[in-house]
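In this document, chain identifiers A, B and C correspond to the written order of the chains, with residue numbering beginning at 1 in each.
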Amino acid sequence: MNEILEILLSVSFWAAALRIASPLILGTLGELVCERAGVLNLGIEGIMTAGAMAGWMAVYQGADLWTGVAVAAAIGMILGFIHGVFTVPLGLSQHVTGLGLTLLATSLSYFTYRMILPDVPSPPRIEAFQPLAIPYLSDLPIIGPAIFEQTPLTYFALIAVAVVAFVLYKTPLGLAVRSVGENPAAAEAQGIDVYAVRIGAVMVGSGLMAVGGAFLTMSAFNAFFFEMVAGRGWICIALVVFASWRPGKALLGAFLFGAFDAFQVRLQQVVGGDIPYQIFLMLPYLLSILALIVMSRRAAYPKALMIPYRKGER
Amino acid sequence: MNESVNRKPEDLVLRLRGITKQFGDLVANDAIDLDLARGEILALLGENGAGKTTLMNILFGHYVADAGEAHVADASGTLAPLRGGSPNASLLAGIGMVHQHFTLAENLSALDNIILGTDSLFRPWQRQRDARRKLAALMDRSGLLVDLDATVATLSVGERQRIEILKALYRDARILILDEPTAVLTPQESESLFATLRRLASDGLSVVFISHKLAEVLAISDRVTVLRGGQVVANVAAAGTDGPRLAEIMVGRPIPPTVRQPMAPGEAVLELAEVHVPGEHNRPALTDANLKVRRHEIIGIAGVSGNGQAALSNLICGLAAHDHGRFEIFGRTAVVGSPGRMIAAGVGRIPEDRLHDGIVNGMVVWENLLLEDYNRAKFVRAGFLRHGAARANARQVIEAFDVRCPGPEAATHLLSGGNIQKLILGRVLNREPGLILANQPTRGLDIGAVTYVHSRLLEARGAGAGVILISEDLDELLTLSDRIAVLYRGRLSPAMATEDVTIRRLGLMMAGQTSEGAAADAA
Amino acid sequence: MRLEPRSNVPVHLAVLAPAGAVVLALALTAIPLLWADVPVAQAYALIFEGALGSRFALTETLARATPLIFTGLAAAVAFRARLWNIGGEGQLYIGALAAVAVGSGAIAAPPMVMIPMILVLGALAGALLMLIPTLLKLRLGVDEVVTTLLLNFVVLLFVSMMIEGPMKDPMGMGWPQTAPMIDEATLPKLIDRTRVHTGLILALVAAVVVWVLVNRTTWGFEMRAVGASPAAARFAGMPVARVMVRVGLISGALAGLAGVGEVAGLKGYLTLDLSPGFGYSGIVVAMLAQLNALAVVVSALFVAVVFVGADFMSRSIGVSNYLANLIVATSLLTMLAASLATRYRLRLR
C-alpha cells in the first residue's frame, strides 16, 4: 500500500502521466475534430505512424525540430485529404477507407524508412525536444514540475485543446463543423459547403493526429521504431467516445489514461516478477474497451457520424 | 388556360423562364415559366410527382436545371440572373426555403440553427448578441415566438417550423418558399401560420406556397399556378376559381371517388385495454390506450406526428412492448416485442418509413417480396432457399399488385415510391392478414398510387380484415375510416363514428381538447 | 456530369473493376519506386517471377494463399452482414494457440482424431473470441471496430505470455516458442518437399461452403438482409441479434482456422511471428473479392503473389519488401474507388 501511495505522491509520476498522455491528447483531439464533422477516421493509426516517421526523418535529414513537426502535420493533412475525398464526395465506406488508409500510411512509412536507411544495425537517433520549464509556473509546488516542465510539444497539445474547444463552440467555423456532423442537409440549406467543411475538418484532424505520432519520435523517444504507435490510434478512438466528443473531456480522458499507464509501469516495478509483464501491457487496451463499455450507452454521437451525404438528397 | 395577370415588371421579384430538369427518362420540369410579385402569395399546386419540389429545389440551388433561366430581384428591385446549383447563391439572392422535412440540426440550439452560415466562416467569433437583438425584433414583428436557447430536439413540430421561417427572415429573405408546410400541423396551427404569412406578405415578403391541398391553397393564396407532369397547366387568380375546377386541372382526368360501403363489423381482431407503452427521450408514448378493432372495419388514427403514433405502431408491429394493460389479437393475448411473432399471428404491417423499414435496399424485388416468408415451408428445403418457388411467388405478386418493374430481378431501391409501396402491400396482403396496420400508407405517393392503396385497403376490409390506419392526412382518414380516434400526447381518444366528426373537431382534438369539448367548440 | 445508380452490376464490370484496381495500384506504387530510383519494370517483373516463375515459387504462393483465403473469408462473411470484424489477426493467433495447446503433446491420439480435434478447437477459439465484441455490440452498443482492433493487441500479449510462460518449449533453448506439434497433429503435405499442406484443400472447401451458405440458404438470406438494412430485416421479423451472433461465430471460426493451418501445416510450433498480418490482409482480400466467397480464393492468390514475389524481389535488388504491403494497401483503396464504377454509371451531359 505504501508503495502505491508513494507512486501517486511523486512528482515524477504526474509528469510522466502528462508525457504519456500527450500523443493521446493530440490523437484524440484529431479524431474528435473528424468525427464532429461526421467522418470516422480509422486511418488514425497509420496517420500517427506516418507522422512519427516523417517528422523524425525530416529532423534526421537536417531540418530543425519545428520544421519536423510541420512536415508531420503536412503529411497528416495529405493523408486526411485522401480520406476526405474517398468518404465525403465519393461517399465510400468510412470503415474500409480508414483501414485502407492505415495500411497504406503504415506500409508507406516503413517502406520509406527502409529505402532511406536500408542497413542500420540500430535505429539512428536525433536530438529530440527537451523539457522546457515555464518561468514562474514551474516554481509552483507539485503542479509546477508536473505540468510546466514538459517538452514544447506537450504544451502544444494543451494549447491545441483550448484552441479546438474555442473554435468548435465560439466561432462560425466551429458551428459549421458541428452542423455538418449533426445534419448536413440543414447545413447545406444554410449555404454551408458540406463537402468543403467535412474535408477540411478531416484534414485538420489528421494533421493533429500526425503531430501526435511525431511526439513519439521527437519528444518521448528520439528514434523511429517499427510498430511504435502500437494501437495508440485505436485507443484514441475509444477515448473520443469516452469524452463524448468534447475537447475538455478528451484532455481529461487522455490524462487519466496516461496516469493509469504511468502507474502500471511503476506498479510493475513494485510487484515485480509475480505477475507476467504482459498482463500490465494488456491493461491499456482492456481499459480502453472498458471505457467504451461504460460510455457507449450514454454517448451522444454526432447524429450524422458515418453517414455519407450526397448533395441535393434529403 | 392562362389568365393573363397584368403586373408591372418592376414589381417582379422572381422570374423563371423555360426551366427544364430531367432525371433519367423522367422529365420532372418541362419548360416552366413562373412570375412572382412583391408581397404576393403564390400557391404552387400539383399532386405528388408533378414537379413542384423539383422546381423549388432548382430555385434553391439543390439541383441544377438542364435548361432555362431564373432571375431574382436584388435589394434595389432590379432583376438579376441567379447562379444555379448553389444554395448559398440563392440565400444571398434573398430566397429562403422551408423544406417539407425540416432541415434543422436537432442537437443544436434554435439560435445556432438560425445563425448557422450567416457569418463568414473565418470570423474569429460569433456575433451572438447582435443576432439575438435582430431576432427579438423579428419575433416581435412576425409573431413567430421561439425559445432561442432551447435544443431543437426538445421542441414541437410547430416550434420547429417557426424556427425555419425565422431562419429565412433572419437572412432578410424577400422570397419565402414553403414546401407542404401544413402537412405536419393541426388545422388550427395551419390557420395561425396563414395569418403569419399574410402579415409578412403585407410587409412586402413574397411567398411561394407549395401544396396539394385545394382548400388551403384557395384560403391563403392570391394566385395559383398548377403543375401537372412537370408542366404549368394553369396560372389563375385565386379569387376567380374554385376547388372542383382546380382539382380537375391538377389531376387532368376525372378521379373515381373512393367510396366506402357501409359494412357490419365482425368479431374483434384487436383489443387494447389500459395499455401503456413506455417512451424514449421523454417523448409521449402511449398511455392507457383503449381500442377495439373488428373485422370489416377501418379505424383511423388522427394526430400531429410525434404524439404517440410511433408507440402505437411499434406495439402492433412487434417492435415495442407494453408494460401494463391488456393487448389481445384475435382474442388471444399478444406476444409483444417480436415482429416475427406478430407476422405469424396474422398481422399485416405497412411501415411508415417504407424505404427504411419496408424494403432492404440492395436486395432485388423477389428477395424483398420474400422477407416475411422466407421461412415458410414452400420456400425452404433443408435450410436451402428454393429460388424457383421464390421467383414464381414474386412474379405472381408483381402481377396481382401491378408493381411496375422489369421483373423479379430488378433492383428494388430504384423503383418509384408508388411501386415500392405496391410491393410492400403485395408482400403483406398476400398473406391475407386478419389485422392490418397501415402507418402513413400514402405519404408522398402520386394520386394514382394513393387511389390504388386506398382501394386495396378497402378490399381487405371487405374480405374481413380489421384495419388500423394511422395518417396525418385528415381527408384520407375521413374517406376511409369507419371510426376515428385521435392521439394527443400519448393519449388515445375514444373512437368516434366518422359521420359524427368534422375536420374542425378533429383539429381541436389534435391540439389537446377532449372529444366532448371539441364537439361543443366545433358546433 | 453526374453519377447515376445502376440497377444491376454487369458481369464484365464485376471482373474488370478489381483488375483495373490492381493495375491502378501498381501504377500508383510506381511513384515512390521512381522517387527512390528503383527500376520499376524490373521490380515488378521480379515480383511475378518470384511468385510464379518456378515450381517452387508457385508452391510458396499457394502456401501463402492458404491463410489468406481463411482470413479473407472471415472478413467477407462478417462485412456482408455489416459486422466489422477487424480482429482476424487476434482470432488467428488464438486459434493457433488452441491447436498447439492440445496438439503439441498434451494429448496423443491417431491423426484421425487429432486433426479434426485441433481444427474444431482452433475454430472454436476464434469463434469465442469474436463472440465478445459481437455481444458487446448487441447488448451494450459498443462499436465492434475498436473492440476487435484492441483485442488483437490483447491476444498477442496473451500469446506472448503463454509462450514465455506455461507453454514455453522446454527444449527450445530459451526461445519464446511452444513445443512443436506432434506428428499426429500435423496437417499432411499436399506436395512433398514443399510447404503446401492440406490446409489449402480445407480453405478451398471453406470458400465453397461459405458461398453456398451466403447465397443459397435461409441463413445467408438473413445475413444479407441484416447487412444491407438491419431496420428492414428486424421489421420483417428476422432475429437480427441471433443472425449477428451467428455471423460473428462463423467469421471468428474461419480466422481461427487460418491459425490452425499455419501452426499445424506450416510452422509446426507457435511463435509471435506466425502471421505477418494475415488478419489485416484478409480485409483487403475480402474487399478485392467484393465480399464474394469464391472470388476470395482469386484475390487471396493475388495478395499471396505480391507478398511472396516481393520477398524474392527484395533479395534480388534490395528494395524493401514492405513494397508488398504498399501494393496491397493501395489496391484496397483503388478497389474501393473502382467499386463506384460497378454501382454507378457516369453520365456526361
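Here, contacts are C-beta pairs under 8 Å (C-beta built on N, C-alpha and C of every residue); 3 or more make two chains touch, one makes a residue touch a chain.
Since this is a predicted model, take the numbers as computed values, not measurements.
Colleague: Relative to subunit A, which chain's C-alpha centre is the most remote?
Modeller: The chain lying farthest from subunit A is B.
Colleague: What pair of chains has the most C-beta pairs in contact?
Modeller: Among the chain pairs, A-C has the highest number of C-beta contacts.
Colleague: Just give me the whole-number Å value for how far the CA centre of subunit B lies from that of subunit C.
Modeller: 47
Colleague: Mind checking the centre-to-centre distance between subunit A and subunit C? Centres are C-alpha means, answer in whole Å.
Modeller: 29
Colleague: Any idea how many Å lie between the Cα centroids of subunit A and subunit B?
Modeller: Here subunit A and subunit B have centroids separated by 45 Å.
Colleague: Residue numbers of subunit B touching subunit C in their complex, please.
Modeller: The touching residues are 24, 66, 317-319, 338-344, 349, 351, 356-363, 367, 370-372, 374-375, 380, 383-385, 387, 406, 409-411, 413-414.
Colleague: Contact residues on subunit C for subunit B in the complex?
Modeller: 4-8, 216-222, 224-225, 228-229, 231-239, 349
Colleague: Flag every residue of subunit C that touches subunit A in the complex, lowest number first.
Modeller: Touching subunit A from subunit C are residues 32, 36, 84, 86, 136, 140-143, 145-147, 149-154, 157-158, 160-161, 164-165, 280, 283-284, 287, 318-320, 322-323, 325-326, 328-330, 332-333, 336-337, 339-340.
Colleague: Can you check the complex and tell me which residues of subunit A touch subunit C?
Modeller: Touching subunit C: residues 42, 82, 86, 90, 92-93, 95-97, 99-101, 103-104, 106-108, 110-112, 114-115, 118, 230-231, 234-235, 237-238, 241, 276, 278-279, 281-282, 285-286, 288-289, 292-293, 296-297 of subunit A.
Colleague: Please output the residues of subunit B touching subunit A within their complex, sorted ascending.
Modeller: Residue positions touching the partner: 57, 60, 62-63, 87-88, 91-92, 97, 99, 101, 103-108, 112-113, 115-126, 167.
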